[in-house]
Amino acid sequence: MESIVFYIIALIMVTFAVMSVSSRNIMRSIVYLLFVMIGLSGVYFMLDFSFLGAVQLVVYAGGVIILYITSIMLIEKIGESMDKPKLLQQIIAAVITSLGAGVTLFAIYSYNFNMVADINNITTVEDVGFALLNYGENGYILPFEIISMLLLAAMVGAIVIAKSGKSTNSNELKN
Amino acid sequence: MILGVSIYEILTLSTIIFFIGVYGFVTRKNLIGMLMAVELILNSTALNFVAINKYLYPDLIEGGIFSLFIIAIAAAETALALAIIINLYRLVMSLNTDNLETMKN
Amino acid sequence: MDSSYTILILLIPIFTFFLLGFNFKRIKEPTSGIIGTALIGTTALISYFTAFQYFTGAMKGAIVDGVYQKVYTMNTVWIEFSDTLHIDMGILIDPITAMMLIVVPTISLMANMYSIGYMHGESGYTRFFAYLSLFTFSMLGLVLSTNIFMIYIFWEMVGVSSYLLIGYYYNKPSAVLAAKKAFIVTRFADFGFLMGILMLGYYGGSWDFKVLSDLGFIESLQQAYGAVFMGLSVITWALILIFMGGAGKSAMFPLHIWLPDAMEGPTPVSALIHAATMVVAGVFLVARLFGLFHFMDDGAALTVVAYVGALSTLFAAIIAFTQHDIKRVLAFSTMSQIGYMMLALGVSGYSGHDGLGFMASMFHLFTHAMFKALLFLGAGSIIHAVHSNYMQDMGGLRKYMPITHITFLIAALAISGVPPLAGFWSKDEILVAALHDNTLIFAVGYIVAGMTAFYMFRLYFRIFWWNEPNYKHTPHESTNTMTIPLIVLAVMTIVSGFIPFHNLVTADGAHIETHIDWATAGASVAVGLVGILIAMFMYKKENTISKRFRSGFGNFYEAAFAKFYIDELYMFVTKKIIFAKISAPSAWFDRNVVDASMNGVGNGTVWIAEKIKGLQSGKVQDYAMFFISGVVVIAMLFWFFI
Amino acid sequence: MNLDTFLLMRHEIGLTIIVLLLLLADIFMEDKKKVNTVAVALFAIYTAIGFVPMDSGELFGGMFSTTPLIVAFKNILNVGVLLILMISVSWVNKKMLPINKVSEYYVLMVSSLLGMFFMISAGNFLMLYIGLELATLPVAALASYDMFNRKSSEAGIKLILSAALSSGILLFGISITYAITGSMYFDIIAGNMGLSYLGILGMVMVFAGIAFKVSLVPFHFWTADVYEGAPTPVTSFLSVISKGAAVFVLMILLFKVFPDMKGIWINLLYGLSILTMFVGNLFALRQTNLQRFMAFSSIAQAGFILLGFLSVDELAVSSIVYFIAIYILSNIVVFGAIQAVGLASGKYEMDDYTGLYRTNPKISIVLMLGLFSLAGIPPIAGFFGKFFLYSAAASQGYYMLVFIAVVNVTISLYYYLKVIRASWLRKSDDSIPYFESDSFLKAGVLIATVGLLILGVASPYYEYIYSLSNIFN
Amino acid sequence: MDILSLFVIVPVLTVIALMFTKGQNNYRVVTAIGSGVQLIMAFNLLYQFLAIREAGNTDTMVFMQDYMWFKSMNIHYAIGVDGISVLMIMLTSIIVLAGTFISWKVDDLAKEFFIFLIILAAGVYGFFISIDLFTMFVFYEIAVIPMYLLIGLWGSGPREYSAMKLTLMLMGASALLLVAIFGLYFNSNVDGGALTFNIFEISQVNIPVEAQKLFFPLAFIGFAVIGALFPFHTWSPDGHASAPTAVSMLHAGVLMKLGGYGVFRIAMFLMPEGAHYWSEFFMILAVIGVAYGAIAAVSQTDLKYINAYSSVSHLGMVLLALLMMNEVAWRGAMLQSLSHGFITSLFFALIGIVYGRTHTRDIAKMGGLMTIMPIIGTLYVIAGMANLGLPGFSGFAAEMNIFVGAFQHPDMFHRIITIIAVSAIVTTAVYMLRLVGKIMMGPVMEEYKHLPAITWYEKAGTFVLVLFSMLIGIFPFFWSDIIDEAIKPFIQGILSV
């Protein structure tokens, strides 16, 4: 039963992923991407990692996708369809990516994973929180702190880039 | 872990999504489109971590935490990238990558 | 008596050279000429003294048991290659050296003195005397050498002096060419010489003349080396190569081509270098190594010498018939006479009466030096007077230039072998020696004797009789500085035939008995007289006999006039083959193949760089494609390592 | 955990403080021009403190580790960044002061350095990844910092997109190592990878992720475009600091994390070093824009660095670290000169440098020394750096590779000489007129130049690094 | 301070002094003083060397100094000299001084010119005093690089191209050399000792024959390229043609000697088996260089090209002699190095002097200069004569040693090689006389009638070279004694194989 659900989700994800990267309408593309993300959070839920599933939903459905849409609206080209890539490029890309996928899958299947038959391994928020705030072995407080620096830096960067400064010299535009 | 589904299936899924992302990255002629392909790539790896964690090494939640960080960083990255894209758009009035070839060879 | 004063023979000329050479702007005419003459005169005196001491036995070790020895008055190692192989610098005196010590300074002194007047008004007056001193130094060094490498060294120096003197009128292209030609041709010959020296050194183990002329040593060499190539031993081949050097300097066929052109130099130079001294260096060299030449492989190398000499003498005589430039006639005459000397050496035995050829050759060398220098100086005097080298511009000069006329006549008679002049005695000995040894060579020598008389008197009559052309300036006799040498040499020409050479200069140093073989002598005098008479018949008065003869010989005449096209052959080989087919292609090859391939490496790199520039397309997508393919390909590649 | 051990993170703490202080300065200081001085001064103090000796140790359960070598390396990077900040000042003043983006520049650069430090000190893939991202993202912002310059924006977007892809691949690789070994701690992974198809794929993916930052062929394509478009100080930061840190990380990864795959990555490095040197050099040959030219030059240099890896011993470590130190100085000298000329005249093309020596001799001399150092001409330090790299390769018998490398040096000499040719050999009527740079820039370039002249000939520095280089136990 | 390091320090000090000098005249005075001091030092060294030998010191190398440099790799700054190095240093100092005088009138960027010239000299000195491979290599490159700027900046004709080609080819050669040095270094512990770059320590080690076979050609070519080994000589004509006078002098006179010296001191000495294994192959290349350089010189029309090809020929002789591997030939090689140094730099000085007046180097466009400039003309003839091996000049003594040495091998191969080499004396005569005949002799050309006479500094520069060429030519035994003694320890190694 679970497996069937998984396969359905997987099918949906793959389909929407393909549509997302091939649709020529950028808005639709974003929506397809959203479906993939939701599907992914579904997988997380199925893997008994509901916290991550929730995060995935919140961050992507609630954050990133909105960010994209906002950006596109800023650019005011919602309806415009994207240029179609050249056929040759598509073919080469398809060949290379399928080769890559094939190679990766071959590698995966050739490896004999030692699966642990632990069915009821539910990761709770508590577990996550404990791990994140632990500063010993397998504790993640340091990365957790650093990521704040990262977000700060990204924020500063994004702001400084996006905020419109006044150019003193219009000639510089030409460079 | 999902009953009846082995690690291989999940890894297959993530691999496929990953390479779909790569395909998108390679074929998209629109900057935002490429960025979305990147999202696919990053998310597929996040799925990898979680699946491996759950199926193979469930004692610790290293993979799960890792996925969390991936999501956070991907978001930051997206924000920054979009900022740059917007700035670029202001200069070029286009998102088409064909307009990004002033520097080559 | 201590003989170390002999070093002065070398030091004074080189000092003169530096004195004049370094101050050639400050010392003016005629001071430099006088200085040069005076110093060379001093050298000459010391040389005479040395020769006198040697021949009288006053020099320590000069005569042992009545045999003249090789005396080293000094010898010091200059470059040492091994214990036995080293280049020494020293002074060797033996009969032929002593003889040369008379010839060289005498002629040099005469040339110097003559030049004081002859070179009057030339821009490089001092330079000329400096060069002359350099030449004298080199030539004396050559004859005094104690080992063959030292000879080679001075051989080269002589070559350079000759080059400088031929090219004395360096603004004249023909002089420059002639100088160049002389140097290069002799240099080519020296290549053989050097190889010969190297072979001799390697296989013989010594370069020292005392060793090389030691009969026991020669015997051991003869036994040590069998035939290696064309039936001859390495030593013989070495000697042939050494003879090649000698042939080059002595203008033997086919290396003679430089000599006629060398007449571009001032006439005293022609007299000194290209008639009397330098050109006999080859003869001297063979004489110096006579023991080796004679004993190795039963004189195989000597046979070569004989035939080359015979060929040259005939060849030159034929050409001399046809030339109009009086200096060229004399040049070919010189070549012919040197051929005589070579021939004489070639037919000579080693000791006793068999060694007559050697003695005769040296004798002829001596006498020839005197009369040939006289002829050249006379020619110089004539040229000075009429401002032309060509006999067409001459005639009837006997009235204007009596001294020149008489001295020239004496010399011409001497070279024609008319007794009792010097040439008669030496030439006679040569013919006797040749008759003893080889009839063919004798025949050549005999014929050439007649031919010599003919062409010399052709010259004589054409210059001093014939009809007077219209001289622009009336010719007049030359100044005293020029006529005195003529007279001195004329006297020498008359008396030198009576020097008892057989007592002084022989191959083994011992006395030999000679007597005039009147059968041969009479025949040779007869043929000489016939030659003279024919010449008189043809050239005493202006007539057309010679023209008719000329047309009678037709192509042969043309060929002889063109020196049998040997020059053209050389020119063809050098210009058309060496320059055009080797050198220019080499230069081209260097630029367009070697260099181009080096450049090609660079250009190829740039070309590749240009071809691959498209990879960096400026598209992030393409970059990503490479990225992914890179990962996939690398991973797959290394799967093979498992 | 107490304060002493916490101070093992002295460098990182210092950087964090600087970031915060700079943000405060931005808020409270009216005269933005002074922010420059503050930033440089703060960083200088911090750099000086960094030289205080420090023990090795681990923090946060192995997440963070430090050794004297790492400290030394961080100090090298500190000095490099300090010099870059010094040569940035005039650019910031001229271009960024009018649009009021002064302090952010320093914040971003320092945060990026912070990311690198975490990356270097990482004991866990997560730290590595976060450090990598922290190092990359601010640089992407910096690359597009010159926001009215289209090239700058292009550079930024190309950098961030390529970086995202590469970090995706890196992550995939990490997930594979995680799948095989069950941990993300380096010491656990080490020796547990074994040899399998999957393991190799994972290793190659991780390698590619780092190689991207090192600009190894075929992961180098972004380099040229980004270097060309980015503002000069940012380019110099990218080319030396960013690359240097990445090389160090690559070294730690290969030597300490994947030692059991040595047989594979040795060959990989062998091949890639040849490829990288040739591609870098061949592309550099035909460049005319100096920044782009330097990009390919730096790719080629990365190829040389790989030679050092091959011996996998102390010599390898010391030669790499030493080379990076010298490479940093050389590149800073060159970029300093480019920056000075670019600011004074707005010219970045090689031809514009024609006759530079006659108008600006000092900058030409400095430029020449820098380029000679890059080309590896003694007695300038670059030669010694390269020499030890070759030694490392040769010590394992890779003579052929050394030969190829030296042939590449010859090729590289050609294009370095092209710049010198323009500035020294040629005359021009409209060469760049005499200009005077500001004192920060002068001082920065001068220090770097003096460093170049001293560091090679004076051996103690190398010996010091060598004494720290035992990382194999 | 040790007597040898001064040879590096004094030039460096000169450079520093130059940096702080102002004024056109002061530059050259400072340089002249600096190079004068070097000359004095060189002769002092020669004197001290002879004195120490006189006192019975028979060490291979004297005045040795050894400072640890990079301890971890056992790199030393190790210096020392034997007779050959002393002579080479003397040659260098003379040519540097002569070059300074010849460059008296350099006006464009004179300061820089002299600085680079002196740096070059410092590199050369350093090379000659080094007995550590690393040190040697460092100095080698220091000597090569200033050439680029010297030719490129002060040269003529296609100077940029020539300078680039020269630099790249020499650097490419040093690539091979570097590999060989590594090969020696990493094989220097096969007998159980420590890895070392020291030449004498390596010479004690039995480097495996296979390694020698591999690295000998690398070391040989590495050095021989700068010694103009065919077919890697093509940088030389172009480089010479474009170089300013003093640089041509230094280059042909000193820098190209690095090749023969290096081959002798490193390739031959450290890898005797390799030398024997490869000798015939390289002998063929060397003899091609000898013959071909001379032949190619015959049809050149540019003064400098003629001389450059002549150098190819003469230096081919050096390499050939080295490959003959016997004492006489080696002595000849060393003498030839010295001799060629003096003669060729004299030649280039004269070419510079002529070119400075006529502004052409095309021999077809010149003629009769002897009449106008008798001293220069005479010097030119002297140089020509010296070049074609006239006795009394150094070339003769050198070539005779080489020929006699080359003749010591009685097999057919060596014989043929020797004959070809000897034949070059004829070809040399051909091009030298052609050259002298064309430009110095012949009719006076109208446009050159008023060319100025030789100046004092030109005299100073050229006379000293003539003097030394004659000193070697007339007293070869003095020099060959010094050389013989130095060669002995080296020849023993190669003969014992």
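The first chain written gets the first letter, and so on, giving A, B, C, D and E; residue counts start at 1 in each chain.
Everything that follows uses one rule, which is that contacts are C-beta pairs under 8 Å (C-beta built on N, C-alpha and C of every residue); 3 or more make two chains touch, one makes a residue touch a chain.
Treat the numbers as computed from the prediction; the structure is a model and nothing was measured.
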*Chains touching both chain A and chain D, listed by label*: B, C
*asked:* Quick check on the contact network: minimum steps from chain A to chain E?
replied: 2
*By CA centroid distance, what chain is farthest from chain C?*
A
*Chain pair showing more contacts of the two, B-D and D-E*: B-D
_Centre-most chain [mean C-alpha coordinates]_ = E
*asked:* Measuring centre to centre with CA averages, how many angstrom lie between chain C and chain D?
replied: 77
*Between chain A and chain B, tell me the centre distance in angstrom, where each centre is the average of that chain's C-alpha atoms.*
4
*Measuring from the mean C-alpha position of chain C to the mean C-alpha position of chain E, what distance in angstrom results?*
37
*If you average the CA atoms of chain B and of chain E, how far apart do the two points sit, in angstrom?*
64
*What parts of chain C, by residue number, touch at least two of the other chains?*
602, 613, 616, 618, 620-621, 624-625, 628-629, 631, 635
*Residues of chain B that touch two or more other chains: which are they?*
18, 21-22, 25-29, 34-35, 46, 56-57, 62, 65, 69, 73, 76-77, 80, 83-85, 87, 91, 100, 102-105
*Which chain E residues touch at least two other chains?*
168
*Touching chain combinations (by label order)*: A-B, A-C, A-D, B-C, B-D, C-D, C-E, D-E
_Using the touch definition from the top, list the residues of chain A that touch chain D in their complex._
103-104, 106-108, 110-111, 113, 134-143, 146-147, 149-150, 152-154, 156-161, 165-169, 172-173, 175
_In the complex, chain E residues that touch chain D_ = 68-73, 75, 134, 137-139, 141-142, 145, 148-149, 152-153, 159-160, 163-164, 167-168, 171-172, 174-176, 178-179, 182-183, 185-186, 214, 218
*Within their complex, state which residues of chain C touch chain A.*
621, 625, 628-629, 631-632, 635-636
_chain C contact footprint on chain D (complex, rising order)_ = 157-158, 161-162, 165-166, 169, 195-197, 200-201, 204-205, 208, 212, 218-219, 221-222, 224-225, 263-264, 267-268, 279, 282-283, 285-286, 411, 414
*Across the complex, what residues on chain A touch chain C?*
89, 92-93, 96-97, 99-100, 103, 107
